[in-house]
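Take this structure, written in structure tokens, and hold onto it; I'll ask about it next.
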Amino acid sequence: MTDVHYPEHHDPARDWRGDSAAIAAISFDVDAEAPVLALDERYATHLSTMSHQAYGPRVGIPRILELLRRVSLQATFFFPAASAQRWPEALATVLDAGHEVAYHSHHHRPLVGLSDAEQEDDFHTGLELLRKMGAQPRGYRAPLWQQTAFTLELVRDAGLIYDSSLMDDDRPYRLGPAGDVAELPVHWSLDDWEQYAFLPEPDIGQSIELPSKVLELWAGELDAMRATGSLCMICCHPFLSGRPSRLRTVERFIAFARDCGDVELLTCEQIALRVLGSSPARCTRLVSKTESSRSSLRPR
Amino acid sequence: MTDVHYPEHHDPARDWRGDSAAIAAISFDVDAEAPVLALDERYATHLSTMSHQAYGPRVGIPRILELLRRVSLQATFFFPAASAQRWPEALATVLDAGHEVAYHSHHHRPLVGLSDAEQEDDFHTGLELLRKMGAQPRGYRAPLWQQTAFTLELVRDAGLIYDSSLMDDDRPYRLGPAGDVAELPVHWSLDDWEQYAFLPEPDIGQSIELPSKVLELWAGELDAMRATGSLCMICCHPFLSGRPSRLRTVERFIAFARDCGDVELLTCEQIALRVLGSSPARCTRLVSKTESSRSSLRPR
Amino acid sequence: MTDVHYPEHHDPARDWRGDSAAIAAISFDVDAEAPVLALDERYATHLSTMSHQAYGPRVGIPRILELLRRVSLQATFFFPAASAQRWPEALATVLDAGHEVAYHSHHHRPLVGLSDAEQEDDFHTGLELLRKMGAQPRGYRAPLWQQTAFTLELVRDAGLIYDSSLMDDDRPYRLGPAGDVAELPVHWSLDDWEQYAFLPEPDIGQSIELPSKVLELWAGELDAMRATGSLCMICCHPFLSGRPSRLRTVERFIAFARDCGDVELLTCEQIALRVLGSSPARCTRLVSKTESSRSSLRPR
Amino acid sequence: MTDVHYPEHHDPARDWRGDSAAIAAISFDVDAEAPVLALDERYATHLSTMSHQAYGPRVGIPRILELLRRVSLQATFFFPAASAQRWPEALATVLDAGHEVAYHSHHHRPLVGLSDAEQEDDFHTGLELLRKMGAQPRGYRAPLWQQTAFTLELVRDAGLIYDSSLMDDDRPYRLGPAGDVAELPVHWSLDDWEQYAFLPEPDIGQSIELPSKVLELWAGELDAMRATGSLCMICCHPFLSGRPSRLRTVERFIAFARDCGDVELLTCEQIALRVLGSSPARCTRLVSKTESSRSSLRPR
């Protein structure tokens, strides 16, 4: 049987949710041209394709910032360093508006195809670039939500306090031998890419769903998460959700979350700090039923 | 003309439905990492992909068990032996809660690509492993619902009393020369995979449908089946339907079935025992209109 | 510029619609195993796949016949000869119930990949087989709705009076130099395959839409066709629309059509006879605006 | 880092929207057989496929013209020259009805696969053909919305005043060093192809969405654009949206736009003339926050 090695899981600090039934976070991955050029650099001359991606920083980001200002919400923006380099004003306005900027790799290359050395180089070069431009990322999200065990080592060694790329829970947990990195799990169903991404050349998706469907999808999940005490990590892309009627769905989701009355909207960094808490006791790896206080199982 | 050889079909015991208009079963295929690793073992190092599959046993199963306990329903869990090996606690808690455990192959490999000898080896090794871990499977479901005539021989020879992998009826029947194996038919439209499975690497699906759509799909089929006297075999996967709002759809489907008033919810084993009944008379293979008491046709 | 040669179009007999605003036809393509085996004969040993296709003649056809009897409607069944050979009882019960049987090729092979000689052989052998089994087809539908100009010659030379495989109008017309073959146009949006077909091995489709969506799609088109005087050619497959809740959509569509009050439900043969009428004057090929009495254009 | 060179962007004339909250345009791309034959000329013998495309000029265009006449709306028709050559009557009736005819390449070949010389030849030959047939195109749209920087040079050098193929804004702008070409941006979500195109051979799409979904998609976007002061560029194809119930969605969208009370429906040429205005001041390329009067960002 093929062995699968999962990083160690530890419970989050007991009070990570405070008095809330569930926590929600609005995050934006500022991919822009990066994921397309990571597939093939020749797309740089495909003007229509490039323009499709450029909508994100050019139009989407200003509109998103205006929305967040209007509803007084702080959000988290994950920047590939390449996006910040191509669109320095995008990074600057996000920072100026007081939002959290987190790290989303250098070139948005799929990590699972890279050697550890290549991955390390991409990780450090991009992080350094982002820092030089004024950002102080505390967390990381892997391109395409594809990472290896080594990625988590890079995250920890760089002093980041959280990762947001895994899917084996919908509640945050602490990762690794020391439990000193918070995992803020994601899921395809809370991402706008699967609903809205349509581009034939290169093929990055073939879906154009109704914004009303997406609102029902996200609000329905958040509502159910109030019973499971989960983290509803919404992931949007400015080139997708920045479009007029889609941004309304983001706004309506925020309103829905606030109308719940028992849901708190936080940045990823705020959540990570709560999850890491005040040195919570480390879980043993021994698997017993009495141990399963979080009603979740562990692999052998 | 290419010959197609179907196993012999026999009517189920006359009273298999009792007084109910239709029968429904809730089954869970505990696939976890197995179908992904069956495609390529290198995915074991794709941490995000693995974590997506691990959600099933880690979080989905405990939540499903809690739901079933709350609504007092016994369900059937089909385990690949590999899933039981990787997540022994998952198997143990399912058994402890008194649910039926059935067999879903050793490694979730597509059977149609295997030689008979390979298929036989996979079948017996996995079944033995599951038995050693305390399960006593009475039925079988082929990975990907892909099987050959030889698979049915293995099922029968192993003393199992039912299979649940074919689609040529929506009412159970008895299979093979002796009619001593019950077939509990499945269908793509009553499976959650086609509605919810989204994973790009490897590509196991590209759908993220609304839980409300799935509820309408399943409840609509069950409702129509009350007129056809059919078996509504719901097939869920803990890594998919274990998510908060999707599990609500499972709960609502159960409530819908109960509200019908004339639908009975049973485990697969309970249905199989009814279908096999008290040595029902074997159907002849001769095709005549008067014979078609079940208003279904037979091939020449 | 690449030349495209369309067969000559002639107006249908002036009174083909009678007093109706639109005409609707319910047709069933009894594909069964044929389209799958036409892709690759090795699928004959894929028992689950074969069983998925066998649902059509085994369960779907009897239920469809029962529905048509209950609502007193005559429909048209297009049989590949191979389906009739494998399921002679299916053909017999359709004929016994007084429905129209039309011709759907011998083996459901894609015609555009065949030489004219191969196409001719497939056409005549299958038609002869169907006739020997008691059917008297008056019309033809190409497998996959893929045909060449030569196919139409075969149809005409065989003495058939209509074809139902083209898509350049939604009103019937007369085809060819003599205008002696009626074309009853089809369209993907009025077919159940695109909405319901799901099978991964081989991949014949990946859709599982709600029956309520399909009803809205078809009824909406028929409703709009009342203003355009069109033919609403519904195309169903027993292995798809024979499922319980899908068959309800067929029933509801029939009820909708009847509730319109100005829509007539006819068999394909009945429509073809009306379209061919009493030797309607042949249209000239000269293109002028005054000529466009049917408000449709003709290519140069 | 891969360099991406965007053409220079300039603000549109200040009063391009007049007193309207948003502007909408209804455009039709008269593709007919061209995009299919551009993939492979052998499809010319696939009669069913050709007939699917021929529906556009043969039936769709007359119905669209009738609708536009009935609602008294002037629209823009983008013609590949090849479509005009194959269907001269289609071009003639569109011109006769007083609609705008714009240019959509010669053969609907993907431009990004062509050398500059090939692209130039295709561009000029087709434009000349269209002009010889009586059209006076003022604007251009690239096949498949795929163009290169060189395409824009061809547009400008040919004396055209607008392009409509880019996606980096939803408000029109002025392009290039002199800002003398208006860009009227498009987007996949306002196109009917992604919603309705279904054709397996060749595969040009696999979607058959409900017209009611499309209406909600387009009307929802236009409604949201009233707050962002945008251009809602609807792009339809006669072979798709010419079908009865789909044309009703076009009609309902027009009614929705008019019911808004603050939306103006214009042709592309009318919009372009407004955007180019009376020699509006050229924007500097220097990027500063104070410069961002349109609340959009510019790349470095």
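By written order: A, B, C and D. Residues from 1 in each chain.
Keep this in mind: a residue touches a chain if its C-beta (ideal position, glycine included) is under 8 Å from a C-beta of that chain, and two chains touch if they have at least 3 such contacts.
Keep in mind that this is a model prediction, so the values were computed, not measured.
When the CA atoms of chain B are superposed on chain C, the rotation angle comes to 90 degrees (nearest 5). Interface note: chain A and chain D, two copies of one sequence, contact each other through mostly non-matching residue numbers (shared numbers fall below half of all numbers used).
With each centre defined as the average position of its C-alpha atoms, the distance from chain C to chain D rounds to 35 Å. Counting partner chains per residue, chain A shows two or more touched chains at no residue at all. Contact topology of the protein chains: cyclic, one closed ring where each chain has exactly two touching partners. Contact residues of chain B toward chain C in the complex are 1-7, 110, 112, 142, 144-149, 151-152, 165-170, 185, 187-189, 194-195, 213, 216-217, 220-221, 223-225, 227-228, 230, 287, 289, 292, 295-300. Residues 33, 37, 41, 44-52, 54-55, 57-59, 61-63, 66, 82, 85-90, 92-93, 96, 107, 196, 198-201, 206, 208, 210-212, 243-245, 247-248 of chain C touch chain B in their complex.
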